[in-house]
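Listed below are the structures to be examined.
Shared chain: chain A. Partners: chain B in the first complex, chain C in the second.
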Partner chain A sequence: TPRHATPSIPTRSLPARKPENVLEEARARLHVSSVPESLPCREQEFQDIYSFVESKIMDGTGGCMYISGVPGTGKTATVHEVIRSLLQAAEQDEIPHFRFIEINGMRMTDPHQAYVQILQKLTDQKATADHAAALLEKRFSMPAPKKETTVLLVDELDLLWTRKQNVMYNLFDWPTRRHARLVVLTIANTMDLPERIMMNRVASRLGLTRMSFQPYNFKQLQQIITSRLNRVKAFEEDALQLISRKVAALSGDARRCLDICRRATEICEHSGQQGGTKLVGMSHVMEALDEMFSSSYITAIRCASLQEQLFLRAVIAEFRRLGLEEATFQQVFVQHQGLCRMEGLQPISVSEGLAVCQRLGACRLLLLEPSRLDLLLRVRLNVSQDDVLYALKAD
Partner chain B sequence: MELRTTNICMKNFKSRLPDVTFYSRESEAACGPRGSVVGFSGSVSEKMLSGLHYPGCPEARLRSLREKLPCREVQAGTLLAIMGEPEQYCYPSIFIYGHRATGKSHVILTLLKELELPHAAVSCVECVSAGLLFEQTLLALFGADSAALLPRLPSLSDFVRVYRQVCAQQPAKQTRYIVLERAELLRDMEANLLPGLLRLQELVDDNVAVILLSEIVWDKFRPNTGCFEPLLLHFPDYTKAELLQILSLDSNPSYTPELYSSYINILLGVFYSVCRDLRELRHLAALNFSKFCEPLEKGEAKEGNTHKLWRNIEPHLKRAMQTVYLREVSSVQWGQQQMDEKEATALRGLSALAHVELPYYSKFLLIAAYLASYNPARTDRRFFVKHHGKMKKTSFLKKHEKTSNHLLGPKPFPLDRLLAIFYSVVDSRVAPTASVFSQISSLVTLQLLTQVGHDDQLDTPKYKCAVSLDFILAISRTVSFDIVRYLYDFI
Partner chain C sequence: MSKRKSREAHLAVGDCVAQVQRILRERFCHQRLPDRPVGLESQYKHLLELLRRTAVHGESNSVLIVGPRGAGKTMLLRCALRELLELQEVKQNVLQVHLSGLLQTDDRIALKEITRQLHLENVVGDKVFGSFAENLVFLLEALKRGDKSSSRPVFFILEEFDLFAHHKNQTLLYNLLDVSQSAQAPVAVVGLTCRLDVLELLEKRVKSRFSHRQIHLLSCMSFCQYLDAFRSELALPDDFPDSKFSQEWNLNVSELCEEKSVQEILQKHFNSCKDFRSLHLLLLLALTRVSVSNPTLRAVDILEASRMSSADSKANILHGLSVLELCLIIAMKHLNDIYEGEPFNFQMVHNEFKKFIQRKSHSIHNFEKPVVIKAFEHLLQLELIRPVDGGVCKVQREYQLMRLMLDHTQVMEALQRYPQCPTDVKQWAISAFG
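After this line comes the complex of A and B, so read on.
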């Protein structure tokens, strides 16, 4: 590779297509990346974060906030929304001006890169991690009368964990300095992250300002979709309700919900090609849900070859005989030969049996040891026995 | 994608290979491609047996090729059929396996050299890192300039990039072959190397085929995440008749070929039951031929007198099996000994040199260690305590032990037990000085003892005795100690 190449996304040669019909319009609006006009169902959280940050900016002090919640509950979106309205307020001179910096733990090769990124976003300076840490330390502890407040958003906080936890420590320690004027908003998935992985002195600096985002219930999900669709009539009311109820029962993940909606519009489009545009109905939604939630293992077992299915049956027979959840290939193979004879098939050779076994292992239906152990390699099932039996019995 | 390329490849030379059956396994749909075993035994028709066919190659050269590949015509024919015409695409990877010295590399390299096909032959033993392998391959296929393009620690993707780059300048007119000998070592390199090489044709988008040679079957190669399955090709062992035919080829010019082949016949009669390795047999044949010819030179026998020649050489060959075949006696020594006409057993082999001179107490320490390793601890009272009081005979009688301790191997013992036995077997009073303890640790460094479980160096270390019975017998003889009387197994 060339030395100084920067990877980039290829540029678009044609302008993005305008949606042609209702379904396409709906799909564009339901896409995860399209920014909604407002965030419904998170008004309370929005208000809390807004007042927290606003009060810190008004006072010219610093502080930390920890935001947790399972994926797809709108943590990042809410914080971005807060910042957007704060910036608007600052423009209208309702509150003092401030700077906003965002870093994401997932986008760093190393936790110490956090210093480098913060420094670069603050001052456009490039430095090594250690040097950047020293510069930031100096910047946040020195008094500077004209300094404006900095709001720092740390997404995916758990990835900034290091053995000595110095990155986290510094991030939470700087706001406590007198002259820092730094507000740190941290986002992670688990509620008890400070208790689980942080040392006491780090957790205590993080403070007790915490907020947890509850998973959406079905009404909220439905409201989110309707607000996104914004009077584009593409879904039947019942279909929307089914999707939101299903997703709420499983995870309450809004992104998942949107994905299913989009898939349902695609299915509807395919099925309704001859009859012009029509609404997304129950059947389309059912099909989309089936695609998204059904286990691929069972399908894989059903589509496997005869010998592979026989091998799985031999695995289960051997487990039954041993009373264990683990057997060597040799033991399973003896069962396999027996099953072959019972089925009236030509018994296969050891090499072929091993190939069958390793093919099942390659698609992770079985868990295997390295192949160089051949006869002695231990075989375990990666799916439950009931699933295998169900898949084998169905035909 | 995967499936499609395989099918195309398969189609390509199914048309070229009318006589070879491809045993494709069941369930194409399940998970991608798989190799096919090319069978030699039943599936190859007589037409293919009759000789090699290669389009665009003069008949004379094919004939010379046939002479260079004795007894391997079937395999060579199949290989040629798989390789196809130079500008056709070959199967992406071929895996050739067979025992040692069954002509795997000989056949493939002779074919590639004689037909003047571009190829790179790399031995994986020489390539301690993947980088060396890439460098050698590029060097052989494209010359020194291309190998210089590789960065310092090349990965597979670097190799593919450089290959594509060079390949764009010199597009392949003929199939390029990469022959990897001792391919089993590829498994120990990076995990993605072997799968990458197997589908190199697809990665570099060039007419290239990778040929892997190994003594191990393919089943032990397959990565856990699956890979592109190569075409499997088995080289069977040479039969006795084939060995005779091949070995008779290098006859001595001063004697008739018939005499040489009768000599080979005798040699195979002695050695065939223990050794089928062509290289070993050829080496032994070369070593002992002068002895075989001795009666002829002296005039004691004629060429036709096979029985006499056999009587002369047979004991000599049997001796050779125990000495020179096991490398106890080196080939040079063996040759000299035949020249000097000495008795063969007069030479001391390597194993006779295993005698070690040890200090007095070290010998006793070693004896004590041996006793501690091979006797159960419950019998120590019986063996080593002078006045052990009344011991019930029944308690000492061997409990129905299935195997002797000598078959099970040495058992670990603590230092205390070693010293207790040591003081019991040494007649004089020995002070437990530093020298005694340092002798124990030097026995460990000499690998006569081994320390078990390195968790604790100072406090109650455990040892095992690592010497054989013969060795300890010799040691105890030098200090006139009858060790057999103290061994539980021999009571």
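After this line comes the complex of A and C, so read on.
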């Protein structure tokens, strides 16, 4: 067994190409991965977290903080930025030195792996989960001379939930020990997570220092994009505004915003060859928005074969007749035969009808029971009836 | 010289037919890649451009290819990869990882497969060492060490993407998409699925990390294009050894397209299903009838193939039943009509059958009860009838409630086609259905 294998991806033979024109430059800057030095529109949150962690480090005490917010509102990025500036301050001896450790609930296979990862990052020691828990327990409860503060970031906290909640309990209990000097920052999506899934003794140890990140509004989103672009002139002003307004109205997710911008530059690049104006305009943005937000059910219905469309019409006809939102295949099939005759088509056999029904079920236009029920399988629509009628009528 | 050439140009008919069978079968069964995807130009361009940017510029991306079964998702991806790998710059640099939701049924297996295909350092030979947790940490560490400009880009290709969404916590998807959204080794995550609602399966933080690029393969093909596809699928290539034979064959195929009966059959197929896979099946069935004694494709062959592929499976089972079993089915159908689809048991069916014997026929169908039970159980085994409450319960066999799994039309059709159906049975059936 290779004991000390170094994990790495092989290197490429020649380095990746640098961006060549304005649009490629803009695209590289707009990629979600290129996090800027300082995050715009999160100054207040930055300040709060900074002062919390700084005060704990200065006092040599410990504490917990709970940070919540919907995905894509800059929680992890802000915390990373706080830590970066604290590390800088420690470098210049403005504050005492400290250790930073990060774990992520989604990056482990089992909640108890958290112990293993913390221990490994603290001491480079490998141990089983139980052993690691014991070692950490000892480390945090024993007084030690010249101990420095540890800042622990726990991302995706809700994944660390276990039936007995011992992982969460330990994480929040360690900072309360006298000699631990541990600051725990926890991040999750839901605001009321402590009340909802934690036992009382766990929630009370988490404490009341909480912070919630609000979804970005359209001005903030616009500011984020402008600051990323940073004088690269690739977008029209209106186009940016449209994107940010649209995203703010839907979710306020900055990742979505950046992805749409990136897609719009691509569309611009493909259409811009004859025009020569390399500026992303309204039309490109509209196309990108359409691509990423529109539901494809209606197009799917329009592109379905004739028998599939007839089957959908038969489903609706049968629903109307029954006054229910559910019918068996046999009932729908009788309607289908009738419709075939009305349209002047040759009626299809039951096997073919079932195949048509299964095809619609496979792409989830219909919701079906398992097909071994044969004639008795119940059929429901996954789209609203109005959508189906609209799609079938428009042509 | 000329003599040799002419000998080469004219193969025996048998050889020609063998060649035709070989070429066309490879096309229909092995899903050989076409030179360029037909009718999917914009989607192809989008995908190719995306993969090219990952390979050349080291930009991380994620994309989903969505389309109904048989719409050519894998074909599109393979074509794009084939064209991409022709570039010298890309060929040496790209690593590919192919996963399928049907094979990698949980994250542990998927992770081992990824480690194996990437040839990471904890792989010895073909075996991956370490536990599931260690593997995950190792892989993530490896990806994290990489950076945009210097490490080789990795293409993660996830077939049956929707099945990956059913894994516990969606850990694998979260991690792959997270890598694609952060400054680590450049990756392109390409998912292939036939479900239109695939985004609704993703957890919200996984969904937030997905770039929401979807390439839809919904073909709005017209019947003319379908006919063209039919022609080009059957046409022999230019490098066919016997040029005279191939010309005749291609001419014959074009003539077939013009023919009314063939067009009707194709129209019927086009109406029921637009994808190429069903067309391939039809053509394959027709191709099996081409032989030395019949070296060209005829309209009759296609007609026969269409008949075979559209036959109703239950009607075929019904033709093979005995007269007694057929009588029982008629009795069940009768009960269904009277009691409007309420379930029945053996006793009710038997009574109905006895009434028929007393009234109409005198001696021929007068069977003992055990014989009738046997016939009933045979129908149960064929799943032409189905117990209402799903099988085993304490009720005796004769009193267990059943449902008939046949449609009205299927029974009627079977009766008409049944070889040597006794007249009295036929009359009884017709009187029963009114």
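Everything that follows uses one rule, which is that the second predicted complex is superposed on the first by the 381 of 395 C-alpha atoms of A that agree within 3 Å, B and C clash if a C-alpha of one lies under 4 Å from a C-alpha of the other, contacts with A are read in each partner's own complex, and residues count from 1 in each chain.
We take it that a residue touches a chain if its C-beta (ideal position, glycine included) is under 8 Å from a C-beta of that chain, and two chains touch if they have at least 3 such contacts.
Note that the structure is predicted; figures quoted are calculated from it, not measured.
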| item | value |
| --- | --- |
| Chain B versus chain C, judged by how many residues of chain A each one touches | C |
| First (chain B), second (chain C), both or neither touched by A:T190 | neither |
| Partner chain(s) touched by A:P19 [first = chain B, second = chain C, both, neither] | second |
| Which superposed partner A:L368 touches (first chain B, second chain C, both, neither) | first |
| Partner chain(s) touched by A:C303 [first = chain B, second = chain C, both, neither] | both |
| Partner chain(s) touched by A:Q385 [first = chain B, second = chain C, both, neither] | neither |
| On chain A, positions contacted by chain B and by chain C | 1, 303-307, 350-352, 355-356, 359, 362-363, 374 |
| Chain C partner contacts - residues on chain A that touch it in the complex | 1-2, 5-17, 19, 24, 27-28, 31-35, 70-72, 106-110, 113, 116-117, 156, 159, 189, 253, 255-256, 259, 262-263, 266, 270, 291-293, 296-297, 299-300, 302-307, 330, 333, 337, 345-352, 355-356, 359, 362-365, 374-376, 382 |
| For the chain A and chain B complex, residues of the former touching the latter | 1, 303-308, 350-352, 354-356, 358-359, 361-363, 368, 370-372, 374 |
| Residues on chain C engaged by chain A in the complex (per definition of touch) | 45, 49, 56-60, 66, 68-69, 89, 92-93, 95, 107-108, 118, 120-122, 124, 129, 132-133, 136-143, 145-146, 148-154, 169, 171, 174-175, 178, 181-186, 194-197, 204-205, 207-209, 211-214, 216, 218-220, 268, 270-274, 310-315, 383, 386, 403, 405-407, 409-410 |
| Complex contact set, residues of chain B against chain A | 25-27, 29-31, 34, 161, 187, 217-226 |
